[in-house]
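Next come two complexes built around chain A: one with chain B, the other with chain C.
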Partner chain A sequence: MTHEDIILSINNLAISFKSFSGRVRALRGVTIDVVRGKTIAIVGESGSGKSVTVKTIMRILSKNEKIESGSIVFNNKRDNEIVPIDLLKLSNKHMQREIKGKKIAMIFQDPMTSLDPTMKIGKQILEAIFAHKKIKLKAAVEQVHQLLETVGIKNIKAVMNAYPYQLSGGMRQRIVIAIAISCEPDLLICDEPTTALDVTIQSKILDLIKKIQKARNLSVIFITHDLGVVSRIADQVYVMYAGKIVEYGTCNDIFYDPRHPYTWGLLESTPDMAYLQERLASIPGTPKRMIGDVKGDQFAERNRYALNIDFRMEPPFFKVNDHHFAATWLLHPKAPQIRIPESLRKRIDLMKEENRNG
Partner chain B sequence: MAKENAKPILTVRSLKKYYVTGHKQINKAVDGVSFCIYPGETFGLVGESGSGKSTTGRSIIRLETPTQGDINFLGKDLSGNLSKQTQRWLRSKIQMIFQDPMASLNPRRTVLKSIEIGLKIHHIGCSDKERKNIVFQMLRKVGLSEDYAYCYPQDLSGGQRQRVGIARALIMEPPLVIADEPISALDVSIQAQIVNLMKDIQEETGTAYLFIAHDLSMVRYLSDRIGVMHLGHLVEIGTSDEIFHHAQHPYTQSLLSAIPTVNPEYEKSRTIQSYQNTNAREEYGKANWSKLSGTHYVLQP
Partner chain C sequence: MEVIHMIRYIGKRTILSLITLFIILFILFLMLNFMPGSPFNDTKMSHEQLKILYHEYGLDRPLAERFLIYVKQMLTGNLGVSYSLQTNATVTNMISHTLPISVQIGLQASVVGSLIGIVLGFVAALRKNSFFDSMATGISILGVSVPSFVLALCFSYIFSYKYNLFPLLYSSSEAFRSTILPTLSLCFFTLASIARYSRSEMIEVMEKDYIRLADAKGITRFQLVCRHIIRNAMIPIITVLAPLTVDLMAGSLVIEKAFSIPGMGSLYINAIQANDYNVVIGISFIYSLMFIGTMFFVDLLYGLIDPRIRIAKRGK
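Showing the complex of A and B:
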């Protein structure tokens, strides 16, 4: 991959929160590359640090949050020239004027909380446009019409005059998407945008995001804990656990050839329509809070396949192939031969066969 | 498991719940729903938000007063106004598990107190010590150690809180538990834990579940029979297999087609059916049930 292909690269980002019980290490060295025009998905349980990562990109930090180390380089395209900017070094004012909304936009989980309940929809979208562009009202209204058409809203006039509470959850999320893309950003961050929606609406919103991405050559960072959503939308997948990336690769790598026991656990606990087990496998226990200094692999306690070394040393990334890496000692040449769980193996074989048969 | 000749513990017949939302405006949340639940089985009720599935559940346990319809539970008629005595009886025989365990547990009560309160109200166990032992037993059953008895809800994770919610519902040993989206606020890995736990407890105690959810794939793991709701009407009832393999109603089919899979190559090329029928509400009102097999019914215009 050449340097120009990458729109955003997060390097070794470490973040901690001050709390009464000590320093909580939310991120412990996260490295992520986002390729221009592609979708990357970050998956993990709640508390794994997915949201903190993207909030740091947008610099929406809480007061007790401290950036320990790392950089977030955004390769800004200006007049066909690429200017790398470190987002962590920008002033707040610069960030607000040049980056937020204009270059990087974000969609949140609950559309009701990201829209102003006292303002009509049309006005809210206009507000976003006027914040970044100097244009006449008439031209702006014209633009709002186009935006609402892009996000698949039919009765545009009525919706523009409606308040958020008058719309359904799916419609509200469409409005939020319209606001996010109103200033033609290069990068769109979606923080669990479909978690609060029904499955039928969810698939429609995912298709909409995919369509917009294709049409505008957007790069998308998609955060979710639902692997079904990931498989529909992602090109690249990063699996996150306890503030660290534990496995990353292309979508096919992660779903057809997972290597980390945590990824196995996530896949096993996702129900599948084609392959029905008597009992769903689940990952025992819950994620640990990382207070103070941490030692060894954080997943070791919940890991059926943990080795002795997991409790003493954190595993480095082992290369599976050119684009697939996993941080588990199981991939060390000297490790015992532990294979992927039998039921998951069967399920993946079944899926592959299904794909061959069309 | 449901036996063919067993007597249902709960029969709901043309249940209606209307809300008056404004001048001459009526929201028909539930509009003539009929089904029954057999002892020890799990009946899944699925549908989009706004389809009336929660209202149905809440009407059965009388958190809402139904506008019309017959509810028969363990041979007792529960329609119309209830006497205090019947209400008390009902509340000890049907229990509920809610979606958001943080909102349904009192933050100022310890886990022990939250679980114990049902016993106290219905005078089960004569001393504090005896009640405490019952609670400890229950906690172990839901996979929490006794140490958690003195924790407050804020100290627990989402999955643990939901376990407390389940313990609180089961402490009365009810023949029927209504679970209103008990897993949709949880992570996928924790969802699987809770579903397995509910299954285990059912095998042990033989309670029946009315499992309300919008996530069809999880419902399948738990349910013996499934009812699909749309716009306040049941549109299809059948066993898990019948619904998942031989769905007849277009709405059920659209719900099934929307379930995401973990097969990226297939998933990316998949198209989703959508069911758009602008006058579905009126059609459902006039439609009749047709029987496809012993247990499989579909609403046909």
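Showing the complex of A and C:
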């Protein structure tokens, strides 16, 4: 992939939190490339470090957070020229004035708590516009109308005059989306934007994000732990576990040819993929907190297929094809031939079949 | 539309307040009735003389009757007469002479206390874990734990006795200067509690999702603090203002004594000691009125700043 294609590249990002029980190593060398105009999904169980990753991009840092190493390079497009900026090196002021809201915007998980309860909706959207645009109030109000129309709100006047608590969760998430796209950002970060919503509304919001992404040629980072959602929205998938990417590839790679046992576990535990009336398998155990120095593959303890070496050394990335990589010793030429679990195999075959027919 | 609902709401609250006051009055009457002693504690008086006095003031009548007479009089603005402190002076008169200075000191203390408290708390929150923050915390702990009369003593010793900056006791020739030390001693508790409370409220608000979102819009830190953080932190702070004002009223009794201020607090204490029923009831009534009034005012203020409450009220 050429340099120009990539809008954001996170390189070897390591982050830790100071805590009473020691240093919590939340990210341990995360590398992610976001291709311009495409959607990448980051999936993984709770606590794997998805939010920490994107919050660091947006510089929403906790007091006890420390960036150990790495860079986040944003390839800013200005007059057809690409200017790479390391976001970690920018001053707060610069970040606030030039990046946040203007180049990179974010949609948060819980729409019920993401809007200021004491401010009218219209004003909250206007504030986002005025943060980066020097225009007259009338023109700005006109833009608010257009934005609200874009996100599918009908009674625009009433909504502008409403306070957040007067709107439903779905409506509020539409407002949050309107705020996010108000200054035409290049990159949109969505941290589980539908998790807090009803299933029916989830799918509507998802469609909306997809529509906006297409219409504006946005690049999107989409965080979720729902693989069903991923298959609907993403071009590329990064599977994250314990502060590391363990497998990444295109949607097809991850869904039809998963290689990492953790990805297998995730796929097996996804209800959307339960075409057969089997009981859902779930990954045994829970992710452990990484405090102090860690050794070996963090997933080893929960991994049915763990090899001896997994407990001693972290696996590097092995190449499956040009765009598909997985960090598991199972891909080592000398590793025993372990096949994907039979039930998952069957499911994938069914899916392929269905795709061919539908 | 909004105005009509507002008026209706105020009307409803007023009626409720009146009922509350009526009940308070009745309880006061009951309590004083069962209190030992009498307003006429002169040991030289004979039993016969006492009986005549009791009859003269109608104190020999049954409780219910006395209560009704009192309420009837009160509605015409007559709070009865003093029995013993200033025999036959009207209570209304006594209160109107002592109330202004008490209100002045009380208002000064609550304004100074809450303003400085809020600013102190907010700045401490914005500079969490800094030297300023530790200092503010120190002041808060001191202010909450040291009783106001101890402060009053310290202040008078330092500022009046040693450096002679303010009068030691109240003097009407230097009326305003005389109120400064009492105000300071009185406001310290309020200041300290508000500072502590504002700091924690502000820190809590700063962690909220909507602050993150507002920040993600790319607005400046100053805008974030003014438009979002302070406004949201103010809502809970306003609710604690009311009880704190009440604490202030209680504190004023002691402070007025300490500085010999001829205010309502001093009068109240004297009246209680002398069993001067009408004065006690009159002043208690005024205190209740101020208390209920404060709560009412704070409630309205609360509605103004928090749309959820404003609209909920309109809906009902």
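As a working rule, the second predicted complex is superposed on the first by the 353 of 358 C-alpha atoms of A that agree within 3 Å, B and C clash if a C-alpha of one lies under 4 Å from a C-alpha of the other, contacts with A are read in each partner's own complex, and residues count from 1 in each chain.
Please note the rule applied: a contact is a pair of C-beta atoms (placed from the backbone, for glycine too) under 8 Å apart; a residue touches a chain by one contact, two chains touch by 3 or more.
None of these values were measured; they are calculated from a predicted model.
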Simultaneous placement of chain C and chain B on chain A, clash or fit
fit
Hey, is it chain B or chain C that touches more of chain A?
B
A:S114 in the overlay: touching chain B, chain C, both, or neither? Say first, second, both or neither.
second
One more residue to check, A:T286. First (chain B), second (chain C), both or neither?
first
By the touch definition at the top of the document, which applies to A:I10: first (chain B), second (chain C), both, or neither?
neither
How wide is the angle at chain A between chain B and chain C, using CA centres, rounded to the nearest 10°?
70
In the superposed arrangement, does A:V220 touch chain B (first), chain C (second), both or neither?
neither
Partner chain in contact with A:L267 - chain B first, chain C second, else both or neither
first
Touch test for A:N252: chain B only (first), chain C only (second), both, or neither?
first
Minimum C-alpha separation between chain B and chain C after superposing on chain A, in Å
5
If we count contacts the way the header does, which residues on chain A are in touch with chain C in the complex?
58, 60, 63, 92, 96-97, 99-102, 105-106, 108, 110, 113-120, 124, 127-128, 131-132, 163, 165-166, 176, 179, 183
Per the touch rule above, chain B residues touching chain A in the complex are 48-50, 157-160, 187-193, 195-196, 199, 214-218, 220-221, 244, 254-256, 258-268, 270, 272, 274
Chain C residues within the chain A interface of the complex:
128, 208-221, 223, 227-228, 231-232, 235, 305-308, 311
Residues of chain A defined as touching chain B within the complex
45-46, 168-169, 198-204, 207, 225-232, 234, 251-252, 255-256, 265-274, 276, 279-284, 286, 351, 354-355
